[in-house]
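Take a look at the structure below.
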Amino acid sequence: MRAARLHAVGDLRVADEPEPEAGPGMSLVRVTAVGICGSDLHWWDEGAIGDAKLTHPLVLGHEGAGVIADGPRRGERVAIDPAIPDETCRACRDGYRNLCYRIRFSGHGETDGMLREVMAWPSALLHPLPDRVSDADGAMLEPLGVAIHSADLGHLPFAGRAAVIGCAARLGADQVAGADAVLDDAGVDVAFEAAGNDEAIGLAMASVRPGGRVVLAGIPGDDSIRFGASLARRKGLTIAMVRRMNEVYPRAIGLAARGVVDLGPVVTSRFGLGEVREAFADGAKRTGLKVVVEPQR
Amino acid sequence: MRAARLHAVGDLRVADEPEPEAGPGMSLVRVTAVGICGSDLHWWDEGAIGDAKLTHPLVLGHEGAGVIADGPRRGERVAIDPAIPDETCRACRDGYRNLCYRIRFSGHGETDGMLREVMAWPSALLHPLPDRVSDADGAMLEPLGVAIHSADLGHLPFAGRAAVIGCAARLGADQVAGADAVLDDAGVDVAFEAAGNDEAIGLAMASVRPGGRVVLAGIPGDDSIRFGASLARRKGLTIAMVRRMNEVYPRAIGLAARGVVDLGPVVTSRFGLGEVREAFADGAKRTGLKVVVEPQR
Amino acid sequence: MRAARLHAVGDLRVADEPEPEAGPGMSLVRVTAVGICGSDLHWWDEGAIGDAKLTHPLVLGHEGAGVIADGPRRGERVAIDPAIPDETCRACRDGYRNLCYRIRFSGHGETDGMLREVMAWPSALLHPLPDRVSDADGAMLEPLGVAIHSADLGHLPFAGRAAVIGCAARLGADQVAGADAVLDDAGVDVAFEAAGNDEAIGLAMASVRPGGRVVLAGIPGDDSIRFGASLARRKGLTIAMVRRMNEVYPRAIGLAARGVVDLGPVVTSRFGLGEVREAFADGAKRTGLKVVVEPQR
Amino acid sequence: MRAARLHAVGDLRVADEPEPEAGPGMSLVRVTAVGICGSDLHWWDEGAIGDAKLTHPLVLGHEGAGVIADGPRRGERVAIDPAIPDETCRACRDGYRNLCYRIRFSGHGETDGMLREVMAWPSALLHPLPDRVSDADGAMLEPLGVAIHSADLGHLPFAGRAAVIGCAARLGADQVAGADAVLDDAGVDVAFEAAGNDEAIGLAMASVRPGGRVVLAGIPGDDSIRFGASLARRKGLTIAMVRRMNEVYPRAIGLAARGVVDLGPVVTSRFGLGEVREAFADGAKRTGLKVVVEPQR
């Protein structure tokens, strides 16, 4: 089995490795599509993300789809939920699996990710894909899921108004308004900030109505968030921090299957596993939207 | 009628003034007790608070009680809600009267406050006091109300755990835990920050469980709030900003009337209106808890 | 000015009446479109609705649009919010204007409604219509508003699933699933019941997932609601009762203006004020969707 | 090991049985105290509860405490959470473990309960008891937990007002008002109904304010709930159904440990396991509050 492993900054090597074994409750998955995320690019060109550092050769990749290769579900096309919560800590029991303190995350820390031909993964985290949803779409369900989780945190009223700051694309619905909403006097119900800097946070806070919510999805480079106190206080704002996503795969699949969200145009280039360095170089140019690697090609 | 009016920094003068007239929907109130708040002390020793500046001689005071002096409710002992929302703006219609953009607030900006013998005030904002609640207690309902509003924003679960950072007193109930809770590994459900500095905010965020809430009630001197992004994100925190209080007087009166909260010990010194300078000097020493001025004395 | 007034069961008379006068805070409105609601038909063929009875000749109609005929907003095309809350009772102050105990409602009880050429109405309840929204559309904003209020009560998660029981039309979005959802094992997040009978309520309860919500919008003929206790208990259901609508006009107008909801096809026949008896007869046949009366014709 | 097993209506036999074995993830518990619940009395004198029927000899009992008898936690005094959710169904993953469709419940259906000397139970469901909480108190944490879960469903505002209908005792806090609240015009924020009949439900609905909540905890004998539609609609009520309890043990233990709730007086008689028939007979008289059986005596 071939796997793409990051050995050091910029040192991404594809090599043959023994196939993983599926322990109890796990399945083998032939990976068919993996999106390259901004955080993968951070690993690649800095050997780190936030306060996590590369300490040993790591297989990256956490936006993926594949086909189950063993057991009773063999042949099933699935999206691969990249997060393995421990299911027993207080965060998990309180229903915050995304906040699990002992979470393992695909392509992060000690946990090898999806940029390989075959991976073993907990069967419960493999979500069946309807025919209408392609493999590449299946990989895109992960970023869509984060958007849905952000929307959850926004408590957007039905037919309410939202502003999205620092994100090129509108995801999800016409309920998500564009930058013009920011200029409106009355203010939107919710503002989503995705840029990860204080200017965007300030713009988000300026754009919401009194009593509104601001959802912070951006990850600031200096690991610090700063905003003016009086505006936030006078508006009585509520600020919600986004951490990956909670139980959203079924809803993400539903949106894709019903065609409410069209994921096709999001993928703007595709590469085989042997071309993974080209794929990362392409992603780093940030000229397109999403780069997808197809390990079975 | 005597009134204490602040003419400039430290220049507080008691003088005779014409009695105010009560327009439609208003009542005359003989003020019996007025608490001196930290914000009054800011006006007094800096001529300003936040971005508001003293532009003309102003009667201070927004924590008060009195007796209605005219009309059908004459003789009724009342707590005086200091905030007059316009009731028509979107914030008011959305149920956020405390966030009204055209709010008038007793002893702030253009609106004379309670440090005088008689004031005219909207009758709907005069809340009847039960016999068990003294005049000084009635004045203390305003800060109690802010605490209740903060608790509302905390979404404290029934029998849940809270931490209060930077506030000497525990208000309300045994549901409010002390500083020891901060040291607990599992984390509290809600942390209330009342100090108005980034250290306290950081401590509050460190003290809550994953998925918990942090309520920011403190007013920072530099009008800026800063905290570390990763901790807040990994805990998926929700942060709520406190702005005065919404509809809480009935509940504050209920707590005082049932004896759940004992407001008596909060008042540690009392002065007549003629001694208002001594009262402010005493408050500025910050050796006791609350200073109360009794204008009818 | 002509007005259509119901004198007794089935006795609807159009006659000339003096034009109403607009008191303070009110405007004169030339009514251009009025939808006939099921409740109007109840008044017409039973002289009663629920426990309210016809006690004097009454002008019906509460789904309407018009043009302001006096004052500074003269010439403005508006939707007419039919409910006048007192704004001072506890329900109003708590943000439940739709639950105001002293509410006056257009075409109900003592309050003449919209089936006339001119009416005087509180200016704050006249919502400006964008060009894209026709007069008949403007009348349809009232039933759309009730649907939005019901959706609010449903707490529908973003991209979640809903079932609508007993209502021909899907309103609002693809988030509202059809009857097939009822047959799904996993259950929907929210079921909306609009039929007003116990069978529909049972079906709604059967269709939701554990922990889901059931929104009861139907008005039962026998004024009684009954359901099986164990199913509701085992699913830990939350049941929400719909009473008209709260602050929803701005959102309803937004949906119509952006074309998210197409109200045009909802109106299937139109009559002049002189043909109001034909209009009611047509509505009573219940062969189309909505009958609209145009008083200026 | 002795166990009390119900063979048929009224036929409760104490006999020696083989000690159970603790499978993986389980512990052996020496049961020290078991409360007799109304539902146990139903099993005993009707051989059924709701739609569940006695199909084989069953050990009853689900309110219990004990001492761990094996493994690393040996000697630990614990409260025994009686419900074993499957942790994998959608209800569990959505955070509604109490609504798990494959739940096993101590002393119900196929699952033997606590009226025996030793039981094997999942270790994660054994909650350590602080010294201050006695064994009998530990057994009472189960009904206290149901009360806390009901309070959760009530969304009681901080310092808000509640009415409890059909329950002799006030549990939890002064926030729970008595029957006088029912007579108050303004209405309480939440009414808890615990009687399980339509009269109590009607009283609960009459007692709440517009926009308030009614929590139905009673289990009606005829498995049917009926109430008047107009009152519920005009108040825009939300109705929540109680099903056992969700994650509440830590909070229940906290209340008992801090002495906020005094469970001692709730237990009004105690029996050994050999006297279990006398214990049930005593419980059936319903003259005291709680009967506790102590199997180690």
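Letters are used for the chains, namely A, B, C and D, taken in the order the chains are written, and counting of residues starts over at 1 for each.
Simple rule for what comes next: contacts are C-beta pairs under 8 Å (C-beta built on N, C-alpha and C of every residue); 3 or more make two chains touch, one makes a residue touch a chain.
These numbers were taken from a predicted model, which means no experiment stands behind them.
Shared contacts of subunit A and subunit D, meaning chains that touch the two of them, come down to B, C. Touching subunit B and subunit C together: A, D.
Two chain pairs, B-D and C-D, are weighed by contacting C-beta pairs, with C-D ahead.
When subunit A is laid over subunit B using CA atoms, the rotation angle comes to 180 degrees (nearest 5). A straight line joining the Cα centres of subunit C and subunit D is 44 Å long.
The centroid of the Cα atoms in subunit B and the matching centroid in subunit D are 42 Å apart. Chain contacts: subunit D has residues 94-95 touching two or more partner chains. A complete topology is adopted by the chain contact network, contact being made between every pair of chains.
Partner subunit B is touched in their complex by these residues of subunit D: 148, 151-152, 154, 156-161, 172-174, 251-252, 254-255, 258, 260.
Here subunit B touches subunit A in the complex through residues 50-51, 90-91, 94-96, 98-101, 153, 186, 209-211, 216, 219-220, 223-230, 232-243, going by the rule given at the top. If you check the complex, the residues on subunit B that touch subunit C are 87-88, 93-95, 124, 247.
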